[in-house]
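Structures given as structure tokens follow.
Here come two complexes built around chain A, the first alongside chain B, the second alongside chain C.
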Partner chain A sequence: MHSMNFDFSKNHFELLGMTPAYRIDLTKLEQAYRDIQSQVHPDKFAHLNDVERRLSMQWSTQVNEAYQTLRQPLDRARYLLHLNGFELHEETNTAMSPAFLMQQMEWREAIGEARAARDVSDLEHLSGKLRADVLAQQTQLTALLDNDRNFEKAAEVVRELKFMEKLREEINYALEAVEG
Partner chain B sequence: MSYSTKVLDHYENPRNVGTFNQDDEGVATGMVGAPACGDVMKLQIKVNKDGVIEDAKFKTYGCGSAIASSSLVTEWVKGKTLDEALTIKNTQIAEELALPPVKIHCSVLAEDAIKAAVADYKAKHGEMVVAAACKG
Partner chain C sequence: MALLQIAEPGMSAAPHQHRLAVGIDLGTTNSLVATVRSGMSVVLHDETGRALLPSVVRYHADGSTDVGYSAQALQSNDPHNTIVSVKRFMGRGLRDLNDVGSMPYQFVDAPGMVQLKTVAGIKSPVEVSSEILKVLRDRAEKSLGGELVGAVITVPAYFDDAQRQATKDAARLAGLNVLRLLNEPTAAAVAYGLDNAAEGVYAVYDLGGGTFDISILRLSKGVFEVLATNGDSALGGDDFDHRVYCWILEQAKLSAMKPQDARLLLTRAREAKEDLTTRAEVRINAVLGTGEIVDLTLTAEIFTNITASLVSKTLTPTKKALRDANLEPEDVKGVVMVGGATRMPQIQHAVGQFFRQEPLNNLDPDRVVALGAAIQANVLAGNRSDDDWLLLDVIPLSLGLETMGGLVEKVIPRNSTIPVARAQEFTTYKDGQTAMSIHVLQGERELVSDCRSLAKFELRGIPPMVAGAARIRVTFQVDADGLLSVSAQEKSNGVEASIVVKPSYGLSDDEIAQMLRTSQENAKTDMASRALREQQVEAGRLIEAIEAALSENGDSLLSVAERTEIDEGMAALRLAIKDQGHQQIKAQIEKLNHISEAFAARRMDQSVKKAMTGHKLEEWEA
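This part shows the complex of A and B:
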């Protein structure tokens, strides 16, 4: 414990000993997280003085945040972009490509119609199609972030994935409403 | 989270929901989307010969605040010239609807939808304006 080095300037990847990339080994990530957390677990704070205890807790919080960010694909992509100086501006960037937005409208209409018709198989069909689309986007994102390092285009793909995440939620709500 | 009475009013009785035929004379469309919440908004304006917006319609897939914001701006743009419509700011929308900070992006979406619709109109009619000017 005393040899613990609290370097708060480390980024999430450095902190967990991972190479900064979109494609990561989730098992290795979880192992690294568990290893560090076991060293700074609050149960081990009892014998420490106030300063050491506070530092340990801050460290534990930071490690936790790093882990939570890196384990989620979209959060990991957003963080990688941030490290490379690209922000998504999700709140204010509304200028998606018109073709993409038109597609989103069509998706929403199709989900709405299937829900109104209480058509479970149609909703499941939409769900499967969406899953395939998301997978294709994630493959593209891996290439853009890890190989091409085209961060501008990658940011656009992440923004599009945010809309697709919303579609997934909408399909799930619809399925719950129809089946429940 | 609780919605303001004005948001609820627009949400329960949205004004001007629908679609114009995109090919109709004077019709222009603005499509925008907010990655933060996955909301999509389509705002259409119908502009008369004098350059005044005489009608507007919207279709929004999103939360109550997004629907209320778009419903409100369809009312606000009617009777305005294109340039006047461009002066509508998201802060005015947010204030009118008493949107909480987490829903400000809904008003940003509505402001940007107006801008996108006006830009679409200008892109479509740019040539015609120039042609008319050349005649004089």
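This part shows the complex of A and C:
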């Protein structure tokens, strides 16, 4: 590895000049991303020497990572929790409320039935319903992360959102399978 | 013939010297080279004024080659040694090719990539492609009157890592400095977007001779952002020819063709397809080697029917790309048509119907990719451009690792903006385990056997520990060419072992060097002088790059001592260029690279700061 005296320790919010918060100005985020990327992108360094090209790739990679993390609500929430010392341990921590798990089972049954019936409009209906549920969860997250700073409860909501994300993927797979 | 004029120590090179750079569209059927001349992107012609170079290479027994029209004209006479559509074999193993039986070649199964037996010996698709690139390079150097600083080579967006690496190797073998591998639809978007000041979401539908790509891009304020890409790297105009060919065999009740006759009928099929673009029916005539006569009439209606499944095969990836971009067809403001095969009326019709709008055909579908690549090459070569733009592209296929049970764990999902890096931690599953085998895959399926294997390597020397105690971090880095490198680190006990692996199908530097030597021996050029020349060019590039950097912010970022050290390094390199061998020059290049590392790092830091505070360069210097 190279011994560059180089500061990769900036967190994603600092790198993109954003205040660390769940509620975020996406237009401003995108503008900051484009401004920095237009300075560090490898295309700006293609005619320069190996060292500059390598640094540019590292920076550009870092900026992409920061932007993608902050842009996605779920990743942003997870990252904020991480910055505040709360790790989700998603692989090992699977304790969910029985009510939520029951809901999950109902969702899966509904998707499975729509898929078996090759019912596109039903799948699209489910997709819309899921989107509304996710939005409600995100509103709750804003309150928990930005106002109450209740990270414990926020972590629970993030775990639930991850399950919902899986549902979304499943609906998309089903749509792909049915529509071909 | 000098590429760069090297100034005397203390004097800087001419500030606005135009660096010669080209864009090359290395196509399945035809290839082109273009450059930016007086601010305009233009395709370069051969001596007889032809822009297209048929991607056909014919090998002779003495090792010499015919490339282009001359090879194409005689392909039916010498089908074994005349390689057409070699792009289909790039980065592919014998098992990947589904129509081996209908091709007149003698394939040799080789690890990683299939090879072809010719009268001039066994050739890899990389070598065959490099013959095409060499002709285009010569054409450009003659036309522009100097050596090229570099080239942008286009690749189908849906090319996987193996196909990209093979393309880059072919370019290196042809003696080209690859500034970037650029995705074909993105190149087309650059040419189209800059010409039309386009803003909004555009789809680029690119059906070439052997590949299909669909890219969804958002164009805004000088940023070309690829939102999603999809495609089929084994679907193109060739397949339409093949359907017509099969129809001919069926109608004329032919079977068991000789290679010469097969090639003849395939050519007739291609001509019929092209004629049907403007006509309602065509006659197909041929006299075979057996004396049999083919005389058939193919109508547009029959042609549309026998190719309907191919057309719909392009719409499935189109739907997937839109879904990945989270968009509906009506969100797309324009559909840019690219590739000669999009001339077929049934394609135009199907695409128009899918997007509910007339596709855009105002750029020549054969040339637009090369023109866009030239525009990008001009910028990448460092020729200043007033209107700067930014290309944000993605990887087309997910990258992952094999886990227990033959399953693939995705590490980088498809459509991630490049460059991108992702790390994954692993641990040992047995007490005292000291080695771990790592298998890198590309594709969307869950099973290892359904994905493309990119590399397999063993990480050895893990200190023996109880199961689960070792910490092995595997990092995937995809660069701006879409090429992957993998490194692994073992971090327990404070030991940090790191290796970097290039996927195994790619040619090693030694192999490339060996191939270069062989090809140069054939061409009877002087190897030593070539090596020297290369190092001189490389050294010239480095000096020029550092001078540009110094004049920009050498004063503000360097102490007097640091500045002196860099100046001395440059002076030493200049001396080496003048009167030393390639090895000494190489050593001085490495030294200067090392000396200027900290400066490069500070410059990058400053760039970022500048972007953060929104200051313009002039304000910083004031």
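Criterion: the second predicted complex is superposed on the first by the 158 of 180 C-alpha atoms of A that agree within 3 Å, B and C clash if a C-alpha of one lies under 4 Å from a C-alpha of the other, contacts with A are read in each partner's own complex, and residues count from 1 in each chain.
To be clear about the criterion, a contact is a pair of C-beta atoms (placed from the backbone, for glycine too) under 8 Å apart; a residue touches a chain by one contact, two chains touch by 3 or more.
The structure presented is a predicted model; accordingly, all values stated were derived computationally and were not measured.
Undergrad: Which partner, once the models are overlaid, touches more of chain A's residues, chain C or chain B?
TA: So, of the two partners, C touches more residues of chain A.
Undergrad: Which of the two partners, first being chain B and second being chain C, lies in contact with A:E152: first, second, both, or neither?
TA: neither
Undergrad: Can A:Q104 be said to touch chain B (first), chain C (second), both, or neither?
TA: first
Undergrad: Could you pull out which chain C residues touch chain A in their complex?
TA: Touching chain A: residues 19, 149-150, 179-180, 221, 223, 316, 319-320, 323, 376, 379-382, 388, 390-392, 416-421, 477, 479-480, 496, 498, 541-542, 545-546, 548-549, 593, 596-598, 600-601, 603-605, 607-608, 610-612, 614 of chain C.
Undergrad: Provide the residue numbers of chain B that touch chain A in the complex, in ascending order.
TA: That would be residues 31-40, 42, 59, 61, 104-105, 108-109, 112-113, 116 of chain B.
Undergrad: Contact residues on chain A for chain B in the complex?
TA: 88, 90-96, 98, 100-102, 104-105, 108, 158-159, 162-163, 165-167, 169
Undergrad: Quick one: in the complex, what on chain A touches chain C?
TA: 1-2, 4-7, 17, 32, 34-43, 46-52, 55-57, 59-61, 64-65, 67-68, 172, 175-176, 179-180
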